[in-house]
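Have a look at these structures, which come just after this line.
Look at the two complexes coming up: chain A is in both, with chain B in one and chain C in the other.
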Partner chain A sequence: MTAVQPRNATGSRQSLRTEVLEERPVNLDGFVEEWPEKGLVAMESDFDPQPSVRVEDGRVVEMDGRERADFDFMDSFIADHALDVATTEASVALPSGQIARMLSDPGVSRSDVLAVTRGLTPAKVLDVVKLMNVVEIMQAMQKMRARRTPANQAHSTSARDNPLQVAVDAAEGALRGFAELETTLGVVRYAPLVAIALQVGGQVGRGGVLTQCALEEATELDLGMRGITAYAETISIYGTESVFVDGDDTPWSKTFLASAYASRGIKMRFTSGTGSEVQMGNAEGRSMLYLEIRCILMAKGAGVQGLQNGSISCIGVPGAVPGGIRAVAAENLVASMMDLECASGNDQSFSHSAMRRTARMLPQLLPGTDFVCSGYSAVPNQDNMFAGSNFDTDDYDDWNTIQRDLQVDGGLRHVREPEILAVRTKAARALQALFAQLDLPAITDAEVEAATYANSSNDYPFRDVLADLTGAQAVMDRGITGLDLVRGLEAAGFHDVAENLLSVLRQRVSGDLLQTSAILTADFVPLSAINDANDYAGPGTGYRLEGERWEQLKQLRHVTSATNPETEVR
Partner chain B sequence: MTSLEIPQRTLTLTETGPARRGTRPDEVVIAVSPAFGGTFTQTIVGVPHAEVLRQLMAGIEEQGVGVRIVRVWATADLAAISHAAARLSGSGISVGLLSRGTTMIHQKDLARLSNLELFPQSPLLDADVFRAIGSNAAQYAKGESPQPVPTRNDQMARPRWQAKAALLHLKEFECIRDGAGPVELEATIERVAG
Partner chain C sequence: MTAAPLTAADYPLSINHPELLRTPTGKPVTALTMDAVVSGELTAEDLRIAPETLELQAQLAESAGRPQLAANFRRAAEMTAIPDAEVLTMYNALRPRASTEAQLLAMADRLETTYAAPVNAALVREAAEVYGRRRLLADDDADQSAPDSAVTPAVAVDEETRA
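Right after this comes the complex of A and B.
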């Protein structure tokens, strides 16, 4: 027999202040007690292994308390492909406190840190970052980020999968500063049209923006190989063998997929994050951060240039336990201290509280990461088909103001309305013309007009969905490639857009986008850890928000003119 | 036998023996997970399990279709629970339920990981949705093709419920009895006087 009392039925009187606090948005968020035995714990667990390593005949024979005979496939992969066997015994033997100090001390160079970290086992990495508070984690991130210049990434999607909306919001997003644009679908059959729209819109907004379409892995690869997309990101990896196998995958199958992209010169990164294993009920009693460190080392072993992490779609899990957001900051740092590009999350709905949403991203915004958000919603969250982001279009002015207040570069800038309307119209016209050239379902002038001024998908005329889906299938059946898009744009008179897209496609021949943390400037110069290596070495060094870029970021929607205080700065 | 009291109704689930394969072509089998109506008494958003079952059964019976209830002990995987129940159902149609409320309509000839309708966002399932799910399951049992129950979506469900869902899932896992077969249940739902 069990009995349940009615909830909140104590009948005792509440204070008026309690009533006010109960109504605060933060109390709509979910919080749970830790349960370390089951892995429902951020990063401090007695059930995580202790660091150890032993090498015999150039081979790791023991790692983190496990003999090779007892390795699961994650252990094997990490021991054989991620750890530097020449240095691992010496690195693991260093006191963890010493390594943590090297990480946060600006006097120790990034390359000196890497010489140590590439030999660290998962449990040793955890032992090191457990010693660091969030400020030390940020201090370390500022130095360990691979690319000197920070950047940002956007989502451009549509609740109706309307290609036109995706194109114009991509154009506006690119103009505002996003270096990468990502889309996905409600109805996956729409993918070819929406991926084309993203690519065209992006190149109208700012030549050199890179685009990707998150899909089931085979289709995502197909679109990449055709040159309709420029990079790939949604290749998920997990920290336990059981969760990996549940997804019919292994570290080797994911690595094979990664090499398929590399073979065509296409940029790609893996995706992982704290909380996914416990969410699926198979954390094997390990903390969220320990399992995520295994993912990061697996990515390193696979030879991919980068990783999207920071809990990503499981952010509600670390977000609900004590110290969870510290663990998320630590996982970003670990990706960077393994010399991987880090696209650092902040890409999923996280909290009802605007204060909490902001606090969650400061450990990435303040030190700068390769992509502060791996999906800032460049559409209103109601249109976000990644299930909502931590920031959306409503937050643009807040983001720009925070950059200006703290003099930090979060990758965006304020753009005046006439410029925005101009690129939105041009993107809509370019897509309209391209669809006509390729004999795809027509985009009307009324749609172009609506797209120019729209906020959300509700502001657009309805499209004929069945005709669009037939058109989308035709893109696949006819074997349309990125070069067909270039040709169509050129024939339709959009020479500059065609030129931009062709320049992006050329990158896959040079292979420059395979370098760690590569993005393209507006002049199509790749910026990566090779030619834009992070050289932070303390105050006055590294990336500084100054000069022309700082002048740009001083602009906001409303700034009173000092020359004539009766007007605003234009 | 477990029994629980809720403000309006009590739910008593009594095991009556191993679950058997039904012979009536006009029945739907409802399958509940190991902790349903026992360790747990309500869904993730506090819909009492008594109400969940009451609405599902009413939705089925309104279509003139019979209903049996079983408990699957050996797994907390919704697809496995639902598919096991579909194979026990005389019509081949089942409704699977996790304690937190996640629900699925399944059919015995489909692949286990497929389904007729899935309601993954447990925080958004209320009494009306459970009644509609029962109604649709019964219509499938009659060989009809009902309009799927409209799915709901709430992007703020993640910050509010994701961690609690993980916690409930872990607890449900602990109630699994390895190797135990499904059992037939008799459900008694009674109004509480006063």
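Right after this comes the complex of A and C.
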């Protein structure tokens, strides 16, 4: 959104200070008044339903003021699949203030909170989180996020859909610490080549990184089944029936899809976020957060392990209304208090102001979430095909400095130039060799050289797009799978990369990555909410940034030596 | 297979219980080596999850207090028998106004009889019931004078931009 000129309609004289303020980037952002009747309101609306629940014969017959006969499909699905029928009446009867205190009180364990939250209706959840200010939301998030160790996720895309750029920026991103890498396309037909590039580049940077390619649902599943991608995330769900149907899905089709992924051993999460319903024109007069809570409960009912939320591609909408960024922090918390993995936004760009961009991510960075960003741009924003991210490659050093200043782990680390150049070259060489093995359009030595030192897609020689698209089609026609990638890399002498990729593929057979909040360490140890369950219970407990990891995060591009102030630490 | 249900301490299976893991083709997970890849001994079929493994993961999810996740894994276990293309066809058939009630019920029967997938069949029958009540069956468009709204999934939030 962009603000509308002119500001000074009367033509009267403006102060010099006003002129300065008018020029500040924040005034390029869009802000609107609330309009609760249309759902243009973050989380405080008189039009949201009041909590209620009634169970008869083991079945929910009334929820949030609606009788079963009047349930829309979201109500039906939530009542029949998400709510714990045995506890829902007792949980909803608890005072909301008591539940809110349980959430933010470190003396109450995560599992004690879950025993209550699994019975809450959407309106009751809203009633609870409405009582919490942003610091209480963060305090609760610190305890309620599912995985003990926080992580981060990146986008690796290219404005020219250049597979080579995607591969080398994936390699650098993985080396810097991202646990998951995601790509998408400008020209969708490029997808097979770009998805292969992401997979190869990721495994060069750090073995065990998981990759995905955001596409229309059926195509995304197809690439996953072939073993070219490792997880899926862009499985969108919506908080009103009408918008869900506009998205050409229902809770049942999405539930079937969730099981389809699991049936192939592929990790997946749904995506939702505040503002999507009002942006798509049918919020049915409900607040953004109420509708998002319905999405979260639907995801839980589907049995999907996790959710990407935090407004995501609609961040401009909550960002424009009062309390909107608080509501976004609350929606992340609700995903976590429903025991789902939360990839917590800080994704699509939403502000011209560097201060606002930073403030927007603090409620996720400070307490830690399963993935602080569900798309930090590991390419310059001009190359980000997800319409830009709140943070990009230009911000790497700032991010690392903030981690060091506040002693918090945002999943990244500073890496020295020679190491970065080495993995970029290696990723480029590996992709070059693999394309040759698979008889795909050649990558020249000049391209490899450019890729090693490049910043953006402008720094690469142009590729023959028609030849690439023919090659991409051939990948699909020939039925190339992840195993062919392993074989090609091995034959080309990239044994360690091939071995890394095979290890990722082998994970499918074990299903370990299907459990809540699962990622792979560099040693291919699955880390999930089962073996790395969040055990925060107050000061001195839970995940602490200390030891070897803290030593890593003390490193920055320029740190003066204590013993020799003339030099910098290396 | 162990008789007692697995618990959290058994996770991750890839490290703690590789002996329990087999491919759908019957190979032990330890057979998935680079040598086997290079020799062409392995196919993409070998890199799939077996229904028995999904049942083990369901037990882990259950013991971690996640009954919905466990149910998802059990539906998935049933679905391992269905070929990729048919999984996609069935998914598309569940989209709004894509199928008549009779088509959905036939799909549920097929799930039950051809693929021994009663849990998925129940999900599809439940969808048929709700779609009927909410006018989301393919038939429902015929008696509406408005143009077919199912053809164009409207506006705004493009799947591919939801990062």
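Keep this in mind: the second predicted complex is superposed on the first by the 561 of 570 C-alpha atoms of A that agree within 3 Å, B and C clash if a C-alpha of one lies under 4 Å from a C-alpha of the other, contacts with A are read in each partner's own complex, and residues count from 1 in each chain.
The rule we apply is simple: contacts are C-beta pairs under 8 Å (C-beta built on N, C-alpha and C of every residue); 3 or more make two chains touch, one makes a residue touch a chain.
It should be emphasised that the depicted structure is a prediction, and the values quoted were computed from it without experimental measurement.
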Chain B and chain C placed together on chain A: clash or fit? fit
Which superposed partner A:348 touches (first chain B, second chain C, both, neither): both
I'd like to know which partner A:387 touches here: chain B for first, chain C for second, both or neither. both
Next on the checklist: Contact-wise, after the overlay, does A:279 reach chain B, chain C, both or neither (first, second, both, neither)?
Outcome noted: both
* To do: Could you say whether A:473 touches chain B, chain C, both of them, or neither, answering first, second, both or neither?
  => neither
With both complexes superposed on chain A, which partner does A:444 reach: first (chain B), second (chain C), both or neither?
neither
Under the stated touch criterion, which partner chain does A:264 make contact with: chain B (first), chain C (second), both, or neither? second
Check whether A:247 is in contact with chain B, with chain C, with both or with neither, and answer first, second, both or neither. second
Quick check for you: in the superposed arrangement, does A:458 touch first (chain B), second (chain C), both or neither? neither
The answer to whether chain B or chain C touches more of chain A is C
Is A:407 touching anything from chain B or chain C once the two structures are fitted on A? First, second, both or neither.
neither
Across the superposed arrangement, the tightest C-alpha approach of chain B to chain C, in Å, is 5
Both chain B and chain C touch chain A at residues 279, 281, 313-314, 348, 387
Contacts from chain B onto chain A in the complex sit at residues 2-7, 38, 41-42, 46, 76, 155-156, 158-167, 169-170, 173
Touching chain B in the complex, chain A uses residues 1-4, 6-7, 28-32, 35, 38, 40, 275, 278-279, 281, 313-317, 319-321, 348-352, 381-382, 384, 387-388
Given the complex, residues on chain A that touch chain C span 72-73, 76-77, 80-82, 111, 114, 155, 182, 184-185, 188, 214-218, 221-222, 225-227, 234, 236, 241, 244-250, 252-253, 255-265, 271, 276, 279-281, 300-305, 308, 312-314, 339, 347-348, 374-375, 386-387, 389, 481-483, 486-487, 490-491, 495, 498-499, 502, 505-512, 514-516, 524-526, 528-531, 533
Residue set of chain C touching chain A in the complex reads 8, 11-15, 18, 21-23, 29, 32, 34, 37-38, 42-44, 46-50, 53-54, 56-57, 60-61, 64-66, 68-73, 75-80, 82, 84, 87-88, 90-92, 94-96, 120, 123-124, 126-127, 130-131, 134, 136, 150, 153-163
